[in-house]
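Naming follows writing order (A, B, C and D), and every chain is counted from residue 1.
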């Protein structure tokens, strides 16, 4: 069977990763071209494939059967519509967009094409195994959940200006994790503070946030997001069930411990690219496999919209100091 | 220097433990008598010391220089006043009481005698070392905290009827942990659910609760309490600071792992008595040492009152669905 | 720069792995053809590349610039000579052979071509980081070492008949690990027992073995090999140095722990393919990169010969019950 | 039932510990007097009990029903005989002595009185639980064992002069651990090196040693002893069985991890007193309980002699470079 031809739009850190994966390490998928107006950066990433200036050009190529959107968030909705109009399968980095109505419109337009949203944690082997264990009844019925994400430092302030705030940009992963394990979220209550960088407060945003949530099932959850883990990139999930608990905690890339005068020392992940290296490859492999097999990829449009809806409710709760229904 | 003579009031599980500690394993403290109307139970615990029916009788004995109150919560306030009136040092199990005003009145009456409240986690070697590391600046300024307590199962329903609800009975330890590390709490937002036992809902109580809180310092926190950890008694704390993170996590009593066909297996604590075995001894040893040295014991009356105040605010927030100032 | 064309000889488990890696996940290397007389098995692995019956045929193809020998051990020496005579770079699975003199002769014939031996542990991220830490002086001078390998079960008895015994087949990895960290080994003392399968004793072999060794540097070491770890594939190394200790211990593929009534459970590796998945890819990537760059690959012929020499000394010590100089 | 009156002979580190335990924390046992010619040191430890110059004086006291010998090793045999002649129960620190014949003679003289040897690891909760799991068949039949002891640094050279060498002084604990789990040892092969302090070599001793051993059962074992673990006091045991593996590994006293820029840091035990704190208390409590109940204490005279026998065989093997039957 012929490999699926893919165009990658956006040659930033994550676009580069997707492009690299499509040059060999994903079975059945192959990079056709790279789209980025910053040609120099794109050339480095393209491994000899053509670099194009616009998505339109890529959509002209019949070999392009699917498109990976790792462009800036504010372009996603329009690009989804373009791809959908030309019948191409779409893999879109999270979030689809910052406004719910705009996203829903774009996803409505894309309802006839395969669509996957880039919530890669679902493909992390630890998270995936936890989900499987949960489905197999290993811990009974879920009663409480905790999801934590800590970035080593805030991203550049210019990025934060357009990122949509801590919930849509960062905690949206925890929200998706919550939904992945617990199903739909019906209400959230958020508190936040700006403790790391005062400029973040000037944007009306926070860098430290805690959210409690209630699932449709009746279970409760806690999400925490923090932009100053000087020790690295820290992601954890804890699932408390009526029959036990599951914990997904991966601290470092190396099975090496050093015993020295100051104690026992081990390494920690330095960023999301190292922590979720395998997950990024597996999510794209799953997308490629789904498209080729004619299955709906997952997580899909509903997951993209619902996570955004919960993120917006968090933001509203943070502002109002009240519990908000999603 | 002569040992401090101590009367223990109440020969339940925790009273028995205190009595045992005062029969040898606490330097400078000695059990004088045990007070419990249920004589049979008390005789077993008393190790040959006299068993008395009432606190009054114990306070008649000049050798009784200090009193440990491990009686039912609703007796604490009155007994504190009795001890204080007779000039005896007081160690009181948590909580001092269920009503703030009543507790404050009792503690006001006791302001001239040494008073320590039984928040034993402060004396757990791991928690104590975390506090020391925090004070030494090892993780900079505290920005976020998480404290978790999971009981293996709900206590008997008759106990729950008088225990004052999950916040005053159980999460009060997490509240004290929060204050121990983060200072005063200024607002809380609580959610809760009754998932474990429907009779708990009939009492107007919950068995699963999540709280977000804000410290006076600006830092944030999350508390979680849950009454169904089928795997054991689970207590954790996580302190995120501007310069690093501290985690207090002790899973089991044994340094033993079993490698078998089903995987790698290790043990978990079965209850608070095993998890905090050393802490219970150390808190009482500290009380005895403080009284003998003429120092104020810690945690003291202010800590008792403030934890109760925050617990009450949590209960109010749970009911109202709104953030509550403490 | 053009990719290096590689022929893989032998389509068994490890040959299949190398072939797969050369179809995309190793930059700069590309599978040209697969050599295996069992065509059916080979076709499955070849991913559309030609399947040839003999190495001779592969060496006729000018695109074949390097050869991966994952054929049966007794063919290695002859195949090395064939490849060398035709000037091809060689990656050879361990061991090069069972007889020292024969191996030395083959490697002498290959002294003009790039040669790498398949001691993949050197490329495991944990082992590699330990070596780097050792070289950086993180634990001072090495004084004692321990290397452990446990197989879940003995391989098929027909394999064992030709595998050369536990030291040349299995502990040779521990021997290479010892040399990787501690340099040359000057004497060994081995004990062994047949505890797992009596048929192994009939072959004159053992399934459980312990070796003490002395390095040229004066340091000591312990190697342990065992063929019955019912819980999985267990590999560990411990490096004790004058300034600290390094431990390489990787228990399972998943960052997932289950907390259940019976305790805390985590997963364990089920075999060498999962434990050293990344190492197998990295060793071949390093080979390809070395050949393309014109560097000598590592571990090279000297490492192949020395490990075999030590393995033979172990076997002799086991038989004689005496310390043997290597 | 009356408490057992105990005299402690020798007020060094370990004698002080035993004396302290007998002043409250061991039920049913009570310190009667302390024997040490260095009165000043002894007074500090005696907590008000009389300090005597000689064992003879203590044996005159009828309240002295049992004697703890924590005197220098070369006095043990004679003191055992004295205690036995006066019918007193004996707890003797390891080793009973340095010469096998002398020890056997002393223990023969003591065959009518309760006798326990101070191999405290058997009472460590982790080691004890491992033994219980082994007896319950949790890992089937033992096939291989590893025991490791690392001291942070060599003891003072003057101590080493009379300590009898690394096997009788230090590895004797590992030998007892081996016997505890695996039964009788029938042969040993030892290698050693002096890497830490050249003065140790001048004494004819080593500071780094590895031993392989064979049990009567057919199982194999490895012991390692090392006098330079700069990170602390490191004791580990690994039991490989036909049905699984047990590992006893306790790294530090605190359930605290620090996450900082340099990685994740945790504490390590600084010495045997902290690592085996509980074990020292439990072994003495078991001795007291056995004597009071009229049971034979364990480990007993046979264990004392056999461990010494194996230690001497190790020393002989080290000298001769050959396997030695025990």
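Just so we're on the same page, contacts are C-beta pairs under 8 Å (C-beta built on N, C-alpha and C of every residue); 3 or more make two chains touch, one makes a residue touch a chain.
Predicted model only: the values in this text are computed from it and were never measured.
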| item | value |
| --- | --- |
| Self-contact between copies subunit B and subunit C, residue sets same or different by half | same |
| A-D compared against C-D, more contacting pairs | C-D |
| Approximate Å spacing (C-alpha centroids) for the pair subunit C, subunit D | 41 |
| Whole-Å gap between the CA centroids of subunit A and subunit D | 56 |
| Set of subunit A residues in contact with two or more other chains | 229-231, 234, 243-245, 251, 259-261, 267 |
| Parts of subunit A lying in touch with subunit D, wherever the complex brings them together | 229-232, 234, 251-252, 259-268 |
| Subunit C residues touching subunit A - in the complex, by the definition given at the top | 23-27, 125-126, 129-130, 133, 138-139, 243-251, 253-261, 267 |
| Complex interface listing, subunit B residues touching subunit A | 143-144, 146, 150, 189-193, 195-196, 208-214, 218-222, 224, 226, 228-231, 234, 240, 242-245, 321-323 |
